[in-house]
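Here subunit A shows up in two complexes: once beside subunit B, once beside subunit C.
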Partner chain A sequence: MASQPRPRAPRRAAVLGGNRIPFARANGPYAKASNQDMLTAAVDGLVARFGLAGERLGEVVAGAVLKHSRDFNLTRETVLGTRLDPRTPAYDVQQACGTGLEAAILVANKIALGQIDAGIAGGVDSASDAPIAVSEGLRQTMLAANRAKTPAQRAKALAGLRPGHFVPSVPENLEPRTGLSMGEHMALTAAQWGVIREAQDELAAASHRNLASAWDRGFFDDLVTPYLGVTKDTNLRPDSTVEKLSTLKPVFGRGEGATMTAGNSTPLTDGASAVLLASEEWAAEHRLTPLAWLVDAETAAVDYVHGDEGLLMAPVYAVPRLLARNGLTLQDFDLYEIHEAFAATVLTTLKAWEDPDFCRERLGLDAPLGAIDRARLNVNGSSLAAGHPFAATGGRIVASLAKQLKDNGGGRGLISICAAGGQGVVAILEA
Partner chain B sequence: MSDFLSTLIGSPVAKRVGVPQPTRLRRYEPGTPLCDSPVLVAGEGRFAASLSESLRAAGLVTVGSVEEAIDTIGAVVLDLSSATDPEDLDALRVLGAPAVKRLRTNGRVVVIGTDPATLTDVTEVATQRALEGVVRSLGKELRRGATANLVLARGDASAGAWSAVGFFLSGRSAYVDGQVVRVDAGAGVDDDPVKPLDGRVAVVTGAARGIGADIARVLARDGATVVAVDVPSAGDALARVANEVGGTALQLDVTAPDTGTRIVEHAVSRHGGLDIVVHNAGITRDKLFVNMDEARWSSVIDVNLRSILRMNEALLGEGALSEGGRIVCVASIAGIAGNRGQTNYGASKAGVIGLVTALADQVRDRGITVNAVAPGFIETEMTARIPFATREIGRRMNSLQQGGKPKDVAEAIAWLSQPGAAAVTGQVLRVCGQSLLGA
Partner chain C sequence: MTTTLSFDTAPDLRRIYATGALRRGSDSETLPDVRAVRDGIRVDLDALAAYVRVCRFPLSSTLPLTYPHLLAFPLQMAVMSHEGFPLPLLGAVHVTNAITLLRPLLVTDELALTVWAQDLRPHRRGRQVDLVSEARIEGELVWRGVSTYLSRGAGHPEAQVSDPPGLEPLADVPAGPVWRLAEGTGRSYAAVSGDWNPIHVHALAARPFGFPTAIAHGMYHYARALAALGPRLPEAGLTSRVWFRKPVRLPSTVRLRSAFEPSRTLSRLENLTGEVEHAVIENTW
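On to the complex of A and B.
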C-alpha cells in the first residue's frame, strides 16, 4: 500500500531585506518613469543587494493601484526585465494602499505552506504617469463600430459620436460609491472623533523629524537604491516644525472644523518597493540572515458606504482580531507602524482603540485596547514625510520595520495600513 | 565640439593626411594564447630553461635563436639574470636586435634580470641596473603596440618569474610598457589558467563606474565572487555592476569608521570569506596649492588615503582577509610625477605608494601580498571632461601613443590578485603606456 504523504506543518517566513527607490513627489523627477520602470529598478536593486542575479525564485508578487490597461501583467513583465532568472513566475495583486503588504502576506503564506521557498513582494505607483482613458461614450461607440458587420452599420454606429465623447477620462482619487475623495472621507471621520489640528501637525512634524534622522544615520543605506539621480525621498522636509505646519490652509473638510492640510496629508507620490521573503532553510542555503519573521496577518473591511463607519477605519477592526488570534495585547509591541495616509488617520485609529464605548460596541471587546507608547510609533518616519506611492508603501514599511527590529536586537512590531474601499491590512513581524 | 574633434582626429581622413594613428592594442580574451608564436627565449640566465618549458606547456612555440623562426616573431624573452659584467650586456643586442626587427604587431620584449638590491658587488649591481635603461629605452623605440618590460628576480625561484613573464607576454599587459616588476621567492599556482580567481571572494571599492566597474567585471570574469562597494548615492550604477557580474552590491562610504568591519562582515557572512581587496575608491578636488581650501584638501586625503589605512585594520584583523590574500590599491602617476593643481591628490596617491611598500613587509609571513597599480591616462568619464587639446596631449604622450582603457588597469589588478602572483608584493605597477610623466 502506498504511503499517504503527511500534511506538512507550516513553517516560518522570514523577511530577509528590502529595497526601494527614493519616493518622489508626483510630476517631479519620476514624471516620465512608468510603473514597470520603477518596479524593475526596485527589484534589480534588491537582486544586487542579495546577489540574486540569475536566481530562479518561487514567485514575485506585486501590484499597482493606478495601472494602465496595457500593464495587465505588470509584475511578470517586470521580472522579464530584471536580472532574475526569467523562469521566475509572477502575478499582480491590487488591494488599493494595502497592495504592498498584501503581496508580502501572500508570499509569506506560500512560503509557510511549503509551496515556495523564496519570493519577492513589491508594489509600485506613479501618480505622474497616470492612465488616461478615452471617455465611456467614445469607447462604447468604437466597440459598436467594431461589432458592425456592414459599412452601413459601421457608419450608423459612428454617427452616434458626440463632441463630448472626446474628453478623456482621467483617474480621480474618489470613492466610486460615495463620490467623495479620500481626504473628504477622512475629514468626516476626523471631525466625528474630534481630532484637533495641533495633534495632526505634531504627528506630521514627527514623521519628518524621524525620517530625516533615519536618513542621517545611514539607516536607508541598505534599504534604498537611488533612481534617476534621486538619492533621498523628495517630500522630506527635515526642518519641518509644528509652527510652520500650522500656517497651512486646510484642504479637506469645511469651515471651522477643517483641520486637514497639505502638510498633515500625504502628497501624491511616485515610487516602488520590493521585499525579499524566504524560508529559514533557503535563507541559510544562501547565507542570508533573517531580519524578522512575518508571523501573522489580518484584513478587515468596513461599510463606509452606508455611513456605518469611516472609510479608513478598517485597520481598527483588523488589529483586535489579529491580537486575539495571537494571544497578544496592543501593548505587547516594541514598534508600531501605522501608515500615515493622513495624520488624522493615525490619531483616529489610536483614539478608537482607547475608547471604551467604541471598543465595546463596535469591536465587541470587554475593555478598550488602550493607549500605545507614542515613542514606539513610526520611529523612522512614515508616509507623511516619505510620501505614499500607494502600492509601494507596504514594502517600505515591512523592510524598514524588519530592519529596525533586527537593529534593536529583537522584538515585535505591528503594521497597520488603511486602504480605499474601506479596507485595512495589518500584520505582525517578530525578530 | 571636443567629441567632434576626437572623431575627426581618429578618422580615415586624418590618417590619410598623416595624423599618426595608434595601433589597436591586443587585449586579453579568456581562452586565447598568451601571445603569438614563436617566442624567442635566449640568454644565459638561470630562468631561460624553465621559462621555455612553461611557455611550451602553455601551448606556445619557442625558438632558441632567431634563425629557427621562419617568419615574424611573436615575443622575445631575454634572460640576463646571470650577467655580472657590463660586457655581458652585449648579449642583449646580439640576441635581441635581429628578433626585435622581426617582431610582430603587438609583440613583446621581456627581459629577466637579477634585482640589484640583492647584490653587493658594485660591478654586478651596475650591470643589472643597466638592464632597466635598456628596457625603458627600447619601450620608446618599439612601435605598433609592442612593449618592453623587465622582470627582476630576487632569488632562484622560478614561479614568480613565470607569473610576471606570463603577464607581460599576454594581452593583460596591453597598456603596461617600460616597467619593472620584482619577484621574490613567494610561490603560488593558478589551478585554472582561464579562471585563476575561481572560488575567491573579492571586494572592490568605488565599483559603481569607470575603472572600478571594470575591475569588478574582470575579477568576476576570472572567477571571483565580487562584492561591489560604493557610496549610497551611486547605488543605482552600483546595482547594475553587481548584477552584471553576479555579485553583491554594498552601499557604503569608505570614510565611515566602521566600513572595514562592515565589509568583512558582509564578505564572510554572505560569501564565506575574503581573499582579495581592491582599494579603488578615490576622488579629485583640484585647485592650485595657494588656493587650496581645507575641504578640498581633507576630503581627498580622507577618501584616497586615510580610508584605506582605516579599512586595512579591519581587513587584516582576525578572521578577515584569508591567508594568501591580496590587497591591491589604485595609486596614480600623479603620486609619482605630481600634477599641477593636484597637491592634495598627489599627496594621497604618493601616500598610498608608501602604505603599500610598508604594509607588504608586515604581512609577508601570512602570504598576503600588497601592491599598487598607478594608472596613467585612462579613457574614463573623468578624462573625457578634460578640454580637447589637453586631453589629446595627455592621451598621446606615451610610448603607445594612445590612452589606456579602464580594462587595462583592471587586468593588471586581476593579475596581482592571482594565486600565481604570490612573488609580487610591495610594488607599484604603472599602467600608463610608458607615459612621459614620471618616467
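On to the complex of A and C.
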C-alpha cells in the first residue's frame, strides 16, 4: 500500500540573483535584435553566472508585452537556445508591465508549494522589432476567401478588398477601451492629484543620479551582461538636472496642467531580464547564497474605463491589502521600489497613500498609510533613467532590490509596479 | 617572394566574379605565392544581424563559428582570382571545410584576417587546393578555417581521399530538424554573404556549370546545421568539420540528424528518405 502523502507546509522562495542586458532606447543598438535574441542573452548570462549549464530547472517563466504571433512559445524557444538542459519546461505569461514581477511570483509560489525547487523568471520587450500585422480588413477578407468553397465565393470575398486594407496594423500604446495612451491617462490622474512639474522633474533627476551612482560603484557588475557591445543602459543621463529637465516641452496633457515631458516619462526601450529563484535546500545544494526571500505578493485592478479610477492606480490598492495580510505598515520597509512608468505615477501613488479621505473612502482604511522616507525610494534608479522594456522591468527591480537588501545586511523591501489595463503587481522581499 | 594583397575593406566580390568568370585557371602545378590581408575588421552589426537571420543563429554578443569565414571569403576569392592561380574561380566546388575556434569571438573584437592557398594536390575527380584563413585579435590566433576547393578535370584515381567519419552513431537516430529550402534560398544567402556565384543564384545561371537547378551554398546549410546544434556545442575550443557531398538542389526539403557524444557531435544532412547525403558535419572538442 502506498504511504499516505503528508500535507506539506509552504517553504520560503529565495531570490538567488539576476541578470539583464543593458537596456537600450528603442531603434538604437538593439534595433535588429528580436525578443528571443535578447531573452536568450539574458537567460544565458544568468546560466553562466550561476553555473547552470546543463541544469534541468523546474521551469522558466517569462513573457513579452509586444509579441509576434510566431513567438507563441517564446520562453520555451528561448530555453532551447540556451545552455540550460533542453528538458527544462517553460511557459509565457503576459500581464503588461507587471509581466516580469508576476513571472517571479509564479515561480516563487511553485517553489513555496514544493512543486519545483528552482526556476527562472524573466521578461523581454523590443519596441524596435515590433510586430506589424495586416489590417483587420485584409485579415477578414483573407479569412473569408479561405472559407470559400467555390471559386465564385472566393472571387466574391476577394472583391471586398479595398486599398485601405493594405495599410498595415502597427501596435499602439493605447488602452483599447478608452482610446487614450498611457501617458494621456496618467496626465488625467496627475492633474486630478495636482502633481506639479517640478516634483516630477526632481524625481526624474534623482532616478538618473541614483542609477549613475549605482553603475559607478559597480553595483550592476553581477547583475548585467553586456550585449551587442552595449555595456550600460543607454537612456542614462548622469548629468541630468532639474534645470535641464525643466526646459523640455510637455508631451502629455493639455494647456496649463500639462506637466509630463519626455524627461519625466519613460522612453520606449529594448531589453531583457531574468531572475533565479530557488528553495533554500536547492540553493544550499548548489552552494548559492540567497540574496533575499520573496515573502508575499498581491495584485489589484481598478475600474478605469469610465474614469472611476486612474489607469495606473492599481498598486495603490494592492499595497494596503498586502500590508494587512502581513501585519505591516507602509513605514516597515527599508527600501521601496516604485516603478517609474512616469514620474507622476510615483508621486500620485505616494500622495494617495498620504491622503486621509482617499485612504478612508477608496481603500477602506481608518487612517492613511502615511508618507515614506523618500531617501529609501528607488535608491539605484528606476525606469525613468534605466528605460522600461515593459516585461523586463520586473526582473530588473527584483534582482536589484534583492541585491541591495543583501548589501545592506538585511531588511525589507516593497515593490510596486503598475500595468496597462488598470492593473498593479506588488511584492515584498526580505533579506 | 610573397605578394601581399592588402585590403582596407572587403574586396568587391561582384567585380571579382565579373572578371574571374573569363579566367579559366592556369595549368600551373604550383600555387602563386600570394596572401590576402585585411586588418582592423570591425563587425558590422546590421550585416551580422542579416546573416544570423538567414542562418537562424541567435543575435548574440558572440559571433557564429562561421562568421569569420564570411569575412574571409572575399579574401579567398582575391587569392583565387590572382594571376597564375591554377583553379578556375567559377565552377570550383567546395568539398570540405574545417574551422577551429580557440576562444569566443565578440561582436566588439577587432579582427585581422590573413588568407592564402596551400597544398595543391590531386583529387579523384580533378585537383584540389586548401584556402587557409586565419583570424587574429591583437596578434593572437583565435580562429582558423581551411576551405578545400575542387576543380573537376582529369581524375587521379590513386589520389588520397579525405573521407568523413563513419556514420554508425547515427544509425539509431530517428529524427531531426527538417528545413524546407525555397527556390530563392541561394539568393537570400548571397545577399548576406556576398557570394553571388551563379550556381547558387538561379537555375538558368547554374545550368552552364552543369547543375540542373540552383544549388544551396554549402556554407549556408552548414551554418544552419551549426545554428541547430546551438548550445550543444561549446563556446570555444572546438574544431568543426564539414564534408560536402551531393549538392542541395533548390527548392528542396532536407533533414539534419545528429548524434551526441561527450566531446563530439556527428550530423548528417540528407533528404527526407535518407538516400541522398548532402553533408556530414563533425564537431570535436
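Keep this in mind: the second predicted complex is superposed on the first by the 428 of 431 C-alpha atoms of A that agree within 3 Å, B and C clash if a C-alpha of one lies under 4 Å from a C-alpha of the other, contacts with A are read in each partner's own complex, and residues count from 1 in each chain.
Quick note on the criterion: a contact is a pair of C-beta atoms (placed from the backbone, for glycine too) under 8 Å apart; a residue touches a chain by one contact, two chains touch by 3 or more.
Predicted model only: the values in this text are computed from it and were never measured.
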{"item": "Subunit C versus subunit B on the shared subunit A, clash or fit after superposition", "value": "clash"}
{"item": "A:Pro29 touches, of subunit B and subunit C: first, second, both or neither?", "value": "second"}
{"item": "Touching partner for A:Gly364 - first (subunit B), second (subunit C), both, neither", "value": "neither"}
{"item": "Which superposed partner A:Pro356 touches (first subunit B, second subunit C, both, neither)", "value": "neither"}
{"item": "Which superposed partner A:Ala41 touches (first subunit B, second subunit C, both, neither)", "value": "both"}
{"item": "Partner chain in contact with A:Asp222 - subunit B first, subunit C second, else both or neither", "value": "first"}
{"item": "Which of subunit B and subunit C A:Gly410 touches, first, second, both or neither", "value": "neither"}
{"item": "Broader residue contact with subunit A after superposition on the shared chain, subunit B or subunit C", "value": "B"}
{"item": "Partner chain in contact with A:Arg49 - subunit B first, subunit C second, else both or neither", "value": "first"}
{"item": "Which of subunit B and subunit C A:Arg83 touches, first, second, both or neither", "value": "both"}
{"item": "Stretch of subunit B penetrating subunit C in the combined three-chain arrangement, among 272-280, 344-352 or 380-388", "value": "380-388"}
{"item": "On subunit A, the residue positions that both subunit B and subunit C contact, one per complex", "value": "41, 44, 83, 225-227"}
{"item": "Subunit A to subunit C touching residues, read off their complex", "value": "29, 32-34, 36-37, 40-41, 44, 80-83, 225-229"}
{"item": "Residue ranges of subunit C in contact with subunit A within the complex", "value": "45-46, 49, 58-61, 106-108, 230-231"}
{"item": "Touch list for subunit B against partner subunit A, complex", "value": "228, 232-236, 238-240, 242-244, 246-252, 256, 269-272"}
{"item": "Sites on subunit A touched by subunit B in the complex", "value": "41, 44-45, 47-51, 53-54, 83, 218, 220-222, 224-227, 231, 287-289"}
